[in-house]
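Following this line, the structures themselves.
Here come two complexes built around subunit A, the first alongside subunit B, the second alongside subunit C.
Take a look at the complex of A and B:
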């Protein structure tokens, strides 16, 4: 590799890199991805008060949700609700309150805002795929949320409630993989909702539909196992929503035998592939008809 | 010379819906850019001007690959902008005066470092270019300030640096001095003048501030209603639209009969002449006036000629 740099700031540099091997390209691409991920972490680390307020709010709502679900379990003859006992329900709620911010179910309109204002031009003028660039940033954001928004509600739950702790060794790696897949799937869903701004310019309608739908269908308001079996199955197979929250929560509370746990995570992986492919396709189509707003 | 930008018959149509009744809407096709031909050679500093809605920014968006042309073809640095947008992005820089390409939440230093990774610039090259920009644009005092806290002038200096750190061959500037105070404008112009003087970077500048053009650009392309109405030097524009230098003569006492020449104003003690061609013979003639107190030569005002051009209904 030859690099000749002169003092100027223009094109007075000759950078003869020769034929880069595939391996080297992969390494460089990974470094770029990691740098964008790091910037995502730092961007969200800037807002400390918002982080504290978010963790506090999720913790408060955790108490409300937990008492409601425990009351449901207490009202049943065997003390089981949807197949969960009291400790499993407590874990479901408190881990769910932490994961809510990690997957970021709500509140992301950055892409839609940039499309509406025309600032998306800046994204397209960089030599990186916009979907990958936003994904890398989101992984950085999720990393920051794992440290600052996931731990406080879970620790609160452990202090105030009798929570279920996993008993199988396989649950730990499955849970980690399931969280990563949930972050990817949720990012892809949010990206698709935001990308509707390429056609609609104003995404308030799709955003409201997403906010209402995802809360109910992802298992946030109540575990989807409360529904009839056919409805649960249809949601799991036919929509990506259970893969966003319900799957990692069912994995961590060991609601099912190990084979079913692994099957649910595999289903998550299928949804991630489909959703990211949809993001890429939508982005490409949008770029063909794109009108950059503003002068 | 190497041609770095070549456009032929570049056209962009937009469909707008116009209310045509209580419930009915009609589709109307509007050509924002209507057959632009352009050739720009390496190292040129090109001013691309026109009234609001003339198609300047639309042309720039097509040349940078973020807008698909409806017809015509373009090549920038030998690449077709839209299909080869990602490759082209490594070879061009773009500065939008009205929108930021920096990361709102990050300090400038972090933004620049991130750009190094995004553009895959070797660390040594990046350091040299950044040091140069820091010196020329006085960035040091706000390198650690988040972009959201920068003043417009500071942000624009950051935007210029961000656009240059990967060593672009062509720099597109879309109204880079809009909203800036005179000091910041001067700083941006001086920087661009120095950049252009090196001859390494081709500059394409759109602006409504004609002082930018006068200071920076040897060549001026004027676009109106999506069509190029002038392509040449500023002097050629003046010649074409008949703008002339003026000679203002102040006298100690009124003269009865003004000297020979085209007098456009006369209030007895002050005479204003317009001059075609060389001004020296006119001055020699006026210097012979016995009551002459002062004589001033006023260069033609580019704003006047451009205003006339914009308002001209039969612009070619």
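Take a look at the complex of A and C:
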């Protein structure tokens, strides 16, 4: 069997991103979104062994990265590396090891797998926009990760290292907003990488590029301020990567004055809007050409 | 005498499948190298900020990076795919492997040899050669021998770590990621002088698990530098024996693990 999903086929097209004739009830769509988010949370709550293993590994890498960055700071003249002191570097590393799992930088191939196997047809038949539906699941996953994967490394860091604790009240709300934006931005990036499967079928190439690029460019291996100023600026403005990790981390260690903190979060918001718009556009394009193969 | 022909056939099958997708293989070869390139770039960026790291200069640290990445890339090429064992356990493929009259471990390794990782080995060796040439080493026959043997011993050592980490899957299928803390974590640990790490964490990784003998102590012996931590100079030459101990231990753990294995199939 060969089914061609096209926008506008049939009278009452319920093609996922197609325009709907009837005005949708906002309350109903909110409830749908919340229900999918809840199921995303519950789904990840069942992977208990994997959650433990992930938190353990993040914690070991926390020790490795923290010691290395502290050694860098110790070897500089003023004890400052890239403008961070020792305590700020410790917070940067340990909060980063926790956030890594919350934004889920790596390892999400669900959409690409479903496109390759043709299961994505099921997603397209539902009267929910696939971008929104995957986003809802991802928010549920991020909520679960905040409880199970964020806290263990941060607590370990607090026990074994002198960590910098925020001093301004404005940092707390900015940090929370920044994390939410980072989750949205990272989801959108992953969605775009996965969606390349609509055209390529085999996404190993884009996936490898993403895995290698995102870690180093998001500030996981070293704070991006270690790079020359022009490179840091170009990355921040020209790519979404710093918005995935570096921005929330710079906010929480109060690397910059409050105005700059807020500016970085605003830049994150711009990237989220652009990326989610790109996801929607890519999804619409893909549906117009998608050919589900198999019987 | 063990008949090696079946293993050779498995390997030839792998090599043949690569030649039938040449473009794909070429692409994977070139993208794979970037993982190792990123590790080396990270070290370069850190040395942009500070002149020394754990009281070692850039050239001295680069020798450790070279030894570590060369050893890790070789082990990853030869044995790294054992990580996939949790997939084999879950899908039941391991049952098929076990009923064949061949060794389970060599079969698993040869069934899916990631030749695309060859490029990382070449790059790692390149870094080692550059480091050895630029570090201003006073070469003696012993040091020449060590600079050749140390990466091989390191590769055996990392292979042992890969096998032990994978064996965990026989008990807990979904905890494969714990292994990464010691395989990839071990690679990160050995890329820097162990003087940067503190207290019990250093003792555990460096001496408890033996990671200090992959790059740090061989590099000290090659450079002719005294150990700031106080061990004598000949310790670097002990790297091969540490690797042998690790390999024997890994073999024993693997045998216990595979005896423990119970099929997940119904």
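Note that in this section the second predicted complex is superposed on the first by the 271 of 295 C-alpha atoms of A that agree within 3 Å, B and C clash if a C-alpha of one lies under 4 Å from a C-alpha of the other, contacts with A are read in each partner's own complex, and residues count from 1 in each chain.
Here, a contact is a pair of C-beta atoms (placed from the backbone, for glycine too) under 8 Å apart; a residue touches a chain by one contact, two chains touch by 3 or more.
Everything quoted here is computed from the prediction, not taken from an experiment.
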- Using the superposition on chain A described above, determine whether A:177 touches subunit B (first), subunit C (second), both, or neither. neither
Considering only touches as defined above, state whether A:49 meets subunit B (first), subunit C (second), both or neither.
-> second
Exercise for the section: Identify the partner contact of A:75: answer first if only subunit B is touched, second if only subunit C is, both if each is, neither if none is. Expected result: second
On the A-aligned overlay, A:158 touches which partner chain: subunit B = first, subunit C = second, or both, or neither? neither
*asked:* Going by the contact rule set out at the top, does A:87 touch subunit B (first), subunit C (second), both, or neither?
replied: neither
Partner chain(s) touched by A:290 [first = subunit B, second = subunit C, both, neither]:
first
Footprint intersection on subunit A (subunit B / subunit C) at 47
Given the complex, residues on subunit B that touch subunit A span 14, 52, 57, 61, 64-68, 85-87, 89-90, 94, 96, 98-101, 103, 105-106, 110, 113-114, 117-120, 122, 124-125, 128-129, 132-133, 146, 164, 167-169, 174-175, 195, 198, 200-201
The residues of subunit C that touch subunit A in their complex are 27-28, 31-32, 34-35, 38, 41-42, 45-46, 48-54, 172-178, 180-182, 185, 188-189, 192, 195-198, 201
Note: in the complex, subunit A contacts subunit B through residues 3, 5, 7-13, 15, 28, 31-32, 35-36, 39, 42-44, 46-47, 117-119, 121-122, 124-129, 287-292, 294-295
Seen from subunit A, its contact residues with subunit C in the complex are 47, 49-50, 52-54, 56-57, 60-61, 63-65, 67-68, 70-76, 81-82, 204-205, 208-209, 212, 215-216, 221-222, 226-227
